[in-house]
Amino acid sequence: MFDHGQPSYAEVNKDILSVMLETGPRYWMLLGTTMSVAVIFFFMPWFYQLIVGVGAAGMNRNAYWGTYLSNFIFWIGLSHSGTLLSAILHITNSPWRKSVYRSAEAMTLFSLMTAALFVMVHLGRVWFVHWSFPIPNQMGLWPNFRSPLMFDVMAITTYLTASSIFIYMGSVPDFAAVRDASTGTRRRLYTIFSFGWRGTAREWHTLGWAYTFFAVFVIPLAVSVHSIVSWDFALSIVPGLHHTIFAPYFVCGAIYSGTAGIVTVMYCLRKFLNFERYIGQVHLDNLGKLLLALSLIWSYINMLELFSSWYGGSSFELEALKFKLTGFYAPLYWEMILFCAFVPLLMFFRKFRWSWNKMLLISILINIGMLTERFIIVATSQPRKFLPNAFGFYFPSWIEISITIGSFAIFATLFLIFIKWVPAISIYEVKETLKPLRRDA
Amino acid sequence: MSKISRRDLLQYIGAGGIGAVGGVLYSESIERDVELIIPQVVPPEDYSPGIATWYNTVCNQCSAGCGISVRIREGKAKKIEGNPVHPVSQGRLCARGQSGLNVLYNPDRIREPLTNAGQRGTGNFYPISWDEVLTTIASRIGRLKIENNASRVRLLTGRVRGHLDELFAQFMGLLGSDHYQQYDFTYPSALKAANKISFGIDQLPYYDIKNADLLLSFGADYLGTWISPVHHSLAYGHMRQGRAGRRGKTVQVEPRMSLSGAAADEWVAARPGTEGLLALGIAHILVSDGHYNGSDRDQWSDVLQAYSPSAVSAETDISEGNIRQLAREFGTSKAALAIAGGATTAGTNAVASAVAVNALNHLAGNLGQPGGIIFNSDQAFSATPGTRQAGMQGILDLVEAMEAGEVDVLLVHDSNPIFSLPDGVGFRQALDKVPLIVALSSFRDETTEQADLILPTNTYLESWGDDVPDPGVGFPVASISQPVVTTLYDTLPVGDIILSLARQIGGELPMAMPWRTMEEFVKERWREEYAMRESGGADQDFEAFWQAALEAGVWGQPGVMTGDQIVPSSSSTIAAITNPASQFAGSETDYPLVLHPYLSASLLDGRGANLPWLQELPDPLTSVVYGSWAELNPATAEDLGIREGDVLEVETPAGSVKVPALIFPALRPGVVAMPIGQGHTSYGRYARNRGANPMDLVSMQIDDRSGDLAWAATRARVRNTGERLQIIKTDGITRTLGRQILGPENDHA
Amino acid sequence: MAIMGTFAFEEDFLAAAEKLQSSGFDNISLLSPVPLAEAQKVLGLGKSPVRRFSLAGAIIGALAGFALAAGTALVFVLPTSGRAIITIPPFLIITYEMTILFGVLFTLLGFHVVSDLPAWRDRPYLPAATIDRFVVVVEGAAGEQAARAEAIIRQAGAEEIHHVEEDQ
Amino acid sequence: MKWGSDLSTLVEKFRQYLKPGYYDEFDYHWTMTIDLDRCTGCEACVVACQAENNLPIVGEKRYARNREIKWIRIERYWEGEYPDVKMGFIPMLCQHCDDAPCEIACPVFATYHNQDGLNTQIYNRCIGTRTCAVYCPYEVRYFNWFTYTWDEPLEQQLNPDVTVREKGVMEKCTFCIQRIRLAKDNAKDDDRRRVRDGEVVPACVQSCPTEAMAFGDSNDPEAKVSKMMKDPRAYTVLEELNTTPSIVYLKKAHAES
């Protein structure tokens, strides 16, 4: 699994830690750019919107939900497979996971944070968002646990907590490594981060058990989170949203885009952090196969959705369907079908699965497709509900578009910070995959 | 050293953690007795922040004269509702009436007397004191009076009724000028003229829609804009579902479906201008098929000879069968009523058409009958309504006089001829010849902008007065209007202005008009009224009566059928029946379409355009708000390759305007319809520079018999400018798409 | 007094460990850069008690979850959409999430308790252990005992031997 | 919270809590009937509502982007083509569904079903997720996209019995709850247990020039609405969604000929 020969334990430490300990100007420039983009494209428009009201966005009487919510779903989706994949692969202990999962989990964490931000942006009175948390308040009033949105609140907070614990515990031994490789303040800091980890057999043993349990908990959690997100839509009676298939549809879509996201992230790690020798063909190939499978499932469910609404034959569903397939946003819809259903079929060919650049392109296209999918769900169903006289139209305003762009910058910023604070690849687990050192070797 | 620091750090953390926990526990422990503030999901019993008082007065938003009750809280008017005891509105009120609050609290009201400092028409006005402005005017008029040139003083008002009307008349009379005239665009002058011809009674009769079984309306949007919409609506509701097992039917004849057309069971789009002909065609069948057999049957058949169904069908473009069926229904129904209004009475054959429609009423024998036409005797009340409506002829005379330089002082009150008349009339230009123009108005409308002096008047919600609904309701009734709030700004009631002018002008005026205020005057007149009716009623009785009247807002004698219901002979009608086709300005070749301007249901003739509530009120049939549009039948639009939102240039011999096109299914092909009301160049922030005024398109044409403006007799052509303009409307898709929204398919009814 | 022996090779390290274990040193800890199943076997580490924490957490979470949903619904009775005040299906979802949340948190707690981390005091330790060296630490051995331990470690092939004073 | 002192009441309480809809019967079941055969689409009700409930004047730009707020609106539906074209009007306002799709959606209880069968909206609770509006099949919930202001002195008209809403808050028809409140108080003041039929009149019903609308307590069999609901023409919009609306429409009748 190592393209460029097997490294020694020491080399592993050196390679991976150097990313953290040695910082060039290129990094700072990159960080500066992403940060300023985030501020200019995301936070400034948001601030403006806070002052004038949500009317700054393009939403109206016909579409009360807009890109903010569709992006929220997109980011939640992206967050999937990070932790989920890592957990599954850990349970099934497949070795190729070990060099990938740390960044994957980081991806989960950061896309979750971005998603949470979008909820804030979406709210009409975000300054009262705390009312939706189950905390005692002077009004003596608690949130409505019968509301699908409360399922969301609970699920996402749980997911955020669980996955951050998961990633943290996984990196404790590596924090110890950082501690030992560094001096001064950083050393003191990582002394705390690593809980004074020594790497004794007992510690390893307990960590192993705890980690497995985290994994066991995280898998059903991840599944529940996105099905719950789907219920925000499916539990309404809006034609085009009121589908039983939505939960599996969203979960599968989420893992799909998440996995594509991992490919993209891996590409960057490999390219910019010189992890060629740790992230190799085998990972790419496996992920490629996984993506392929997911794309097929996704296409199938997508067809099912159209089919069931057509087969139901109610005027409402048919109208929604008609608008989706032939209405104003039809081009977007077919673009999505192209990117998410047909392009991935290329991965049937090893030629594509084994080429980093091709895979990068495919993975990005898939996520573009998934982004539009979420938008279509929001933008085509709401404006055409039950009363034709109230039919309308929704088009995002420049503020929404800019905030959407900004969110990617936020994600990038968080990731850039991450690689300087946490070993982007799990040191000890990479070592595990190496053949043990023997005298005769 | 790192050892120590590490240990210390860990200790700090431990201590910090313990401290935090302790702090939380402590704070929790001391916050035990905090009261919980529970939001008032259900407000507590008997909780009301204030007491509302209701004042009854009269609505002035259109000519109907509905009685209204205004809800007052802390001295501010909060809501206008119909006055339950008032026979016209009976507690109900239309959108326009309820928007009266926007008149009262309009941000663009004139708040103090203004002068244009000699630069007329520039739109620059400067504040001036009441004393100064009144003295100026008084001295000017006084001089003319002394020179016996009082006839050079003209007074033009909008619709004014009750004793304010009498006050104006008295004032002008004492001056020695008989040039006091009213002009209200919506006043059905032609109909009145026709009724005079047909029935020999110079008034608007009461149309008893309530008890009718078949209402045949020729162009009259009786539910929206015609005469007394609220009262008609009440009647309509009762006619439809108020009588068990007896549902009245309505038929609407008009080229563009109006509110009443939408409500009608049958909508008949006769060729514009031939509605009267259709009426005659129906009359023909009524007589020939023996639905009518009065003594004068023969005269009828003679005069109606020419209007055989076939001939009429050819002219009106209504199938013969359809005409026959209408006639049958009209002839056979117990109480059939025919009314004429709108475009039907706005052609060059307006009176002829109205007479033709009256003929139907004759033949239906509904005169003086329930469900028919009921005549109000004119001694209903001392202030007889509507007699001074000059009609178009009066305006033309005035314009002529102004052009001839015979007018030194023009007093304009509550009337906006510059906006509501075609430019062809030349009113605006004639004004240049008038040395002094004085506007008594609450708003700076187009005409007021031309004035030299603006005397800001109180709105009707701040003024005293009284009113006699026109037409009456079948029995004597009069309403009192009283101020419901204190005057907001440095303005005066128009009556008080006239009185103080009278005082300052001097001569016999102060003697003859001794009252300080309008209130005094009105009360005085009512005292006389009371004395006249209750023979020798003592004063304290009157005070009681007056109080009661003020509280009720209305005085009337229900049940007292006014006069003996004389049934006018049909002879005059028969004699008056003719069939001149409406003469359209512009040749059919150059102008293939017919222009159909119609009164906006919300803005009426434009007087409502400065009220935000009405601007934001979707048009009943198109749901369009803000701005105006030109309607085209889908077929016509397709021929011309026009889509909704294309900016059209509508051209007529009189002029052209640019408006976005709207595809309207219920419009006769070959007709372009435009709502009247928008297109103000002034009149406040909500009205200014919005939409187009179809009056700019109307050619100056006169109905030959009443001299009334024939505003529906102009041909037009449209050109697609290629520009696009979003029409703001609330409608999405206006088809049910098979969804059972208007009720289940299986028909119970 | 603790003795630390560093090994470059896994098998020597394990050998030393077994030797020490068999010769009755109970207070030994085996530091390695990677988890070693063998090392854990040597110390006879079987099922970890962490799992009890997880189970307890899950159960508590489930109860807490339903209690939260149902209880708060009763604090302020606000009917919605013709549903019951205590509606089972949605509350099960809350229960589900809370189960997982508490499960995770208790597992975390379990980890800290069992592995007794964070370490409040310094313990014999070599940085090399996080890179590529395997370290055997014998604690609480003194005098002759210590000598024996050192001997065992040395002949097992330790690269170096360190003696550190434990701070008691 | 007051707990029943003894076990039986406690059990009873819990049975109540587990009962769908919670209420056995509403104190009043406020219901509105709209006779489409009388309705002429004149929109008097629209202005009446605007005046009574302090609906904002949103202005042309915002209107153009469908940001208008009209608690009651008239919907139009054409049938047929020229010349046999008919227009059907139907006033659309909050249906106060007993099984309202919107209420379930709110995470903060800003909307709930009160003891009078009203679907209430509590502005100061609302955080603006707008989910209720998305879930509402009648699209009668309106959102304050901005904080609307009135050109001085128009604000003097504002009804002191009704709050003015700020940006980020959902709002909708309340059946003029302030008037219901007043009627109840009056009833209480002259020692009546119940509000009389016709004593509560929402602004729209009050204004209707054709008397097409009626409002009252459908629990009372003698009430006008109860009688109207028995009319063979009676139906509810989007019946198939089982929202059990509190607004009953009477289908437009056809002329017999």
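Details
So that you can tell them apart, the chains are marked A, B, C and D in the order they are listed, and the count of residues begins at 1 in each.
Operating definition for what follows: a contact is a pair of C-beta atoms (placed from the backbone, for glycine too) under 8 Å apart; a residue touches a chain by one contact, two chains touch by 3 or more.
Only a predicted model underlies this, so the values are computations on that prediction, with no experimental measurement involved.
The most central chain, judged by the distance from its Cα centroid to the centroid of all protein Cα atoms shown, is D. Between the chain pairs A-C and A-D, more C-beta pairs are in contact across A-C. As a whole-number value, the distance joining the C-alpha centres of chain A and chain C reads 30 Å.
The centroid of the Cα atoms in chain A and the matching centroid in chain D are 42 Å apart.
Mean C-alpha positions place chain B and chain C at a centre distance of 87 Å. Chain geometry summary: the mean Cα position of chain C and that of chain D are 61 Å apart.
Chain A has residues 62, 140-141, 143-144, 146-148, 150, 192, 196, 386-390, 392 in contact with two or more other chains. Residue positions 6, 10, 39, 41, 731, 734-736, 739, 741 of chain B are each in touch with at least two other chains. Shared contact sites, meaning residues of chain D that touch two or more other chains, fall at 66, 68, 75-77, 101, 104, 106, 109, 112, 125, 237-238. Residue ranges on chain C touching chain D, taken from their complex, read 73-86.
Interface residues of chain D, counted against chain C in their complex, comprise 1, 14, 16-23, 98-104, 106, 109, 111-113, 244. Interface residues of chain C, counted against chain A in their complex, comprise 8-12, 29-36, 39-40, 42-43, 45, 47-48, 50-51, 54, 68-69, 72-73, 75-76, 78, 80-81, 83, 87, 90-91, 93-94, 96-98, 100-101, 103-105, 107-108, 110-112, 114-115, 117-119, 122-123, 125, 127-132, 137. Of all residues in chain A, those touching chain C in their complex are 8-10, 13, 134, 140-148, 150-151, 154-155, 157-158, 161-162, 165, 169, 173, 176-177, 179-180, 192, 195-210, 213-214, 217-218, 220-221, 224, 228, 428-429, 431-432, 436-439.
By the touch criterion given at the top, residues 35-38, 40-44, 46-48, 50-52, 57-58, 60, 63-64, 66, 68, 70, 73-79, 81-83, 85-90, 112, 114-115, 120, 122, 124-125, 151-154, 156-161, 181-182, 185, 188-189, 203, 206-212, 232-233, 235, 237-239, 249, 251-257 of chain D touch chain B in their complex.
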